[in-house]
Amino acid sequence: MERNIYLDYSATTPVKREVFEEMVPYLTDYYGNPSSIYKIGQSSKEAILLAKERIASLVGATPEEIYFTGSGTEADNWAIIGTYDSLKTKGNHIITSSFEHHAVLHSLKYLEEQGAEVTYLPVSKDGLVNPEDVKNAIKDNTILITVMMVNNEIGTIQPIKEISKIAKEKKILFHTDAVQALGNIKIDVNDLGVDLMSMSAHKIYGPKGIGALYIKKGVKIENFLHGGGQENTGRAGTENLAGIAGFGKAALIAEKNFDSHVLHLREMRDYFLKKVSERIPDFNINGSMEKRHPGNLNLAFNYIEGEGILLLLDKEGIQVSTGSACNSQSLTPSHVLSAIGVPVERIHGSIRFSFGDFTTKEDVDQAVEVLDKAVGKLRKISSVSKEKGW
Amino acid sequence: MPIYNDIVMEHFMNPRNVGELENPDGIGTYGSPVCGDMMQITIKVVDEVIVDAKFKTFGCGSAIASSSMATEMIIGKTIDEALAITNKEIVSELGGLPAVKIHCSVLADHAIKNAIFDYANKQVKTYKGLEGYDPDEDADEQDIMEETGCTGPSCRG
Amino acid sequence: MERNIYLDYSATTPVKREVFEEMVPYLTDYYGNPSSIYKIGQSSKEAILLAKERIASLVGATPEEIYFTGSGTEADNWAIIGTYDSLKTKGNHIITSSFEHHAVLHSLKYLEEQGAEVTYLPVSKDGLVNPEDVKNAIKDNTILITVMMVNNEIGTIQPIKEISKIAKEKKILFHTDAVQALGNIKIDVNDLGVDLMSMSAHKIYGPKGIGALYIKKGVKIENFLHGGGQENTGRAGTENLAGIAGFGKAALIAEKNFDSHVLHLREMRDYFLKKVSERIPDFNINGSMEKRHPGNLNLAFNYIEGEGILLLLDKEGIQVSTGSACNSQSLTPSHVLSAIGVPVERIHGSIRFSFGDFTTKEDVDQAVEVLDKAVGKLRKISSVSKEKGW
Amino acid sequence: MPIYNDIVMEHFMNPRNVGELENPDGIGTYGSPVCGDMMQITIKVVDEVIVDAKFKTFGCGSAIASSSMATEMIIGKTIDEALAITNKEIVSELGGLPAVKIHCSVLADHAIKNAIFDYANKQVKTYKGLEGYDPDEDADEQDIMEETGCTGPSCRG
């Protein structure tokens, strides 16, 4: 492979070498079905337990509270649809924010078709949900509050503890999508007071296609996948053994390296921002820089459209994401940036830069160089500009 | 299988006829930054022939490539010939565009017509190809603004 | 690892070396998110397409008709719950057989709680569903017929073509669970006339935790996992890239080696049966030997309980499965053997032997030797016997 | 983490006191093949002391191990001491059993009591430990026969 400068760690992370090595045995010699009672089946089962212990340790849970899923998306679907299924006779009202991940929003849309009533809370310009809004939205028939821990586009960290406290007072279940938060901010499920929490391996240097749902001891929600008795009868389907082992290892590393990881990300991110500020005029930062994922930056470059930036960067081996309509098969501008009130024309020119463990200062220097040129080139082509007062 | 073919990428990377003509005979704009694309075309006309054209585009890769290709296509053509160009022809000259990006070629097509419309107005001329033409018609607004939510493969993490 | 004699290929298969090698790049260098439009994202997308082509080719489908899932279980859940969700306003009646896999039966149980009406067809002593029974069970409100292609415990092959014809005549959707059939019997979805078909990689020497649902072009069912636009907006969740690549490779090998694979399995299985017949008295074969998975054998050893056999075999490095209550955390005797009318006391002494590509004649010889001793030992301990007329 | 610990496995692999005593002083059976387990115990009693015991068991590994352990535990004990043995003690002597296999120890416990019951009947004796005891009571039938479907981890492919 050519040299890449990967600045899209929030989309997915490379699998760390140690994680890969942890997976290899389960793709070669240790193939026993964890459901089988003979020895090679039981050692597969032990591997699952070890992975649970590691993930539980990272978030302050117990291994029995961790259930593996096929993705962060499945964890979100299960938490939301499973809660609805088990509580719909008690009430049908769910509270969420308007800038959740689509795994949450589309699960809720599905439930709306089944008869659920959903309140979508506004988000501040800084990218924060106001706990007061949550409180005011609660009704007699509210059965679930779901607010993400860290937003995937702008990285803002939500006041989970405050919200969960409100939920607890009213005896309403509280779910949080922690897919972007895991490994990047400190999580203690008991301190935070969450009942359900979604996680995904491929955001913490683990493999794709393996996620987990934390279900607090004592909380009972309907199963999502029905069939065999895997995962303590909680989630049917033969377990993704290699993926589970990899997720566990990734969690172990995340816990061990937490401080240096966060420090490194923040350093890279802040250095990048400083460099960009020095060289490129007319951009805005989307979302508050204060309560933010240490490796996330989301910038709106005025007068140009983001896909062009992405393509020019890709030509030079640099990967980033756009918040633009144009980059996707969908033509809708980012619902996240809309929710925090970024003007639509700026949404089109917004780029998410996300930094990770393998990002170097040289990467940043080179990326800013290329970015500077790309923005300059596109602005020259553009039909809008400061002078034209777009 | 990159999202754009080589022709589109070449026109995006090295767009032809970028800029604004001084004292153009016709100027046309189409789209808006809010919708994600806006194109401006200026043309120079001598004896009913478009002798020069330049564009400026705010928009995605395919919008820029379509603009570049469109200006190339009209230079040297008569007004009537230029008016006959359809967005399908622009797409075909580009060797194809992803389905959801077809609207970018419509944009270029409209910008050209608007530039000719402006020229016709200034010269007080009428063209068959402009009969019933409304320069402000938002042919693709619906495509762009539809609040369909994330249904494409780029629902980014 | 010590030498194993693995005779439990129906539970799960070892990952073939070539499959593992196909997966490695996606766990190391090629980590791009398939949803990203930059190059390394797009090459991930190409890997997914290639895998679809390979699986489609194995079953006579087109790549666009293949949707990846997190397991065969998820494919079953999706087919059944998705069909119900999209057709429940038209009707709520579903027809199935009483010896389906739990992924099917428990999905249906879930739907019964949601208001579905389910007919469980009987199964003959031979282990076959009678198409006439299907026909007679159809009602005005029938929306789905789901019958498995090959049973997982006794390996009997169901008359899918006949059943799908009946379904088609009545314009009812037809789903088949082909998890055990894939790679072991010839499948042509168009010839068989199925609308929906479940598959799983870990039964054909691919990794665990990756499955697929075939959805016939033109058939529309509600999504099961809601979120991002992956899998042509059909199944949300970041794709299990390595698993997908592995599944594709496994399908390619399965297609290429089909004839020799089937021949080998049948040879091993028949040789095993012959040897057992020569040495061990008082056993019965569960299910017809005629229309049967080439690598499946299910034997009831009278007067003893299966778990003991399993443990004694495991001690000697031989892995098999039991149809016994006692082997599992659940205490219920196999619903499959019950369905074909095996007396309960014989169900307790039933063992599934399943053979695969790595099984050798020496394996079989040794397994029969150990089995003979184990059965003898347990019969000596047992409180029941022929003489006691149990 | 195999499903059984070493003590259980040892008693399963090398069960003690397998067989049937000739002319036993008491014989007890419990369970049935339909329920998955059936145990028979024969005892020899001299001066109120169980001097020998043998078992035969149809059942899973833990049923065999429990039977083996149970016979070991009663040999050398007085009838009263033997009657005082609970299934919990059998489990504890075995170093524990998986939760769903606890019923196997109940089986052994009942088989012992049934053998003593038989002995008591034959000898026309009464024991405190047998007061109100019903040899046919199916203490664990409910556990075994419950049609719960596959909920354990062994829902085999």
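In this document, chain identifiers A, B, C and D correspond to the written order of the chains, with residue numbering beginning at 1 in each.
Everything that follows uses one rule, which is that a contact is a pair of C-beta atoms (placed from the backbone, for glycine too) under 8 Å apart; a residue touches a chain by one contact, two chains touch by 3 or more.
Note that the structure is a prediction, hence the values are computed from the model and not measured.
In this structure, the chain pairs B-C and A-B differ in their number of contacting C-beta pairs, and the larger number is found at A-B.
The mean-CA centres of chain B and chain C are about 55 angstrom from one another, to the nearest whole unit.
Chain C and chain D have CA centres that are 38 Å apart.
Put simply, the C-alpha centre of chain B and that of chain D have 88 angstrom between them. Residue positions of chain D with contacts to 2 or more other chains are 150-157.
Under the contact definition stated at the top, the residues of chain C that touch 2 or more other chains are 11-12, 33, 35-37, 39, 102, 106, 109, 227-229, 236, 238, 307, 321, 327-330. Interchain contacts give a graph that is no line, ring or star and is not complete, per the touch definition above.
Interface note: chains touch in the pairs A-B, A-C, A-D, B-C, C-D.
Contacts from chain D toward chain A in the complex involve residues 1-3, 150-157.
Contact residues of chain C toward chain B in the complex are 33-37, 39, 42, 45-46, 49, 227-230, 232-233, 236, 238. Residues 10-12, 102, 105-106, 109, 152-153, 179-180, 203, 303-308, 311-312, 315, 321-322, 324-333, 335, 343-345, 348, 352, 380-384, 390 of chain A are the ones touching chain B in the complex. Looking at the complex, you find that chain D touches chain C at residues 4, 9, 12-13, 15, 18, 29, 32-34, 36-40, 55-61, 63-64, 98, 100, 103, 143-157. Taken together, the chain A residues at the contact with chain C in this complex read 1, 4, 6, 8, 11-15, 17, 20, 23, 27-33, 35-41, 69-74, 76-77, 101-104, 106-107, 109-110, 200, 202, 207-211, 222-223, 225-229, 236-244, 246, 307, 310, 313-314, 319-321, 327-330.
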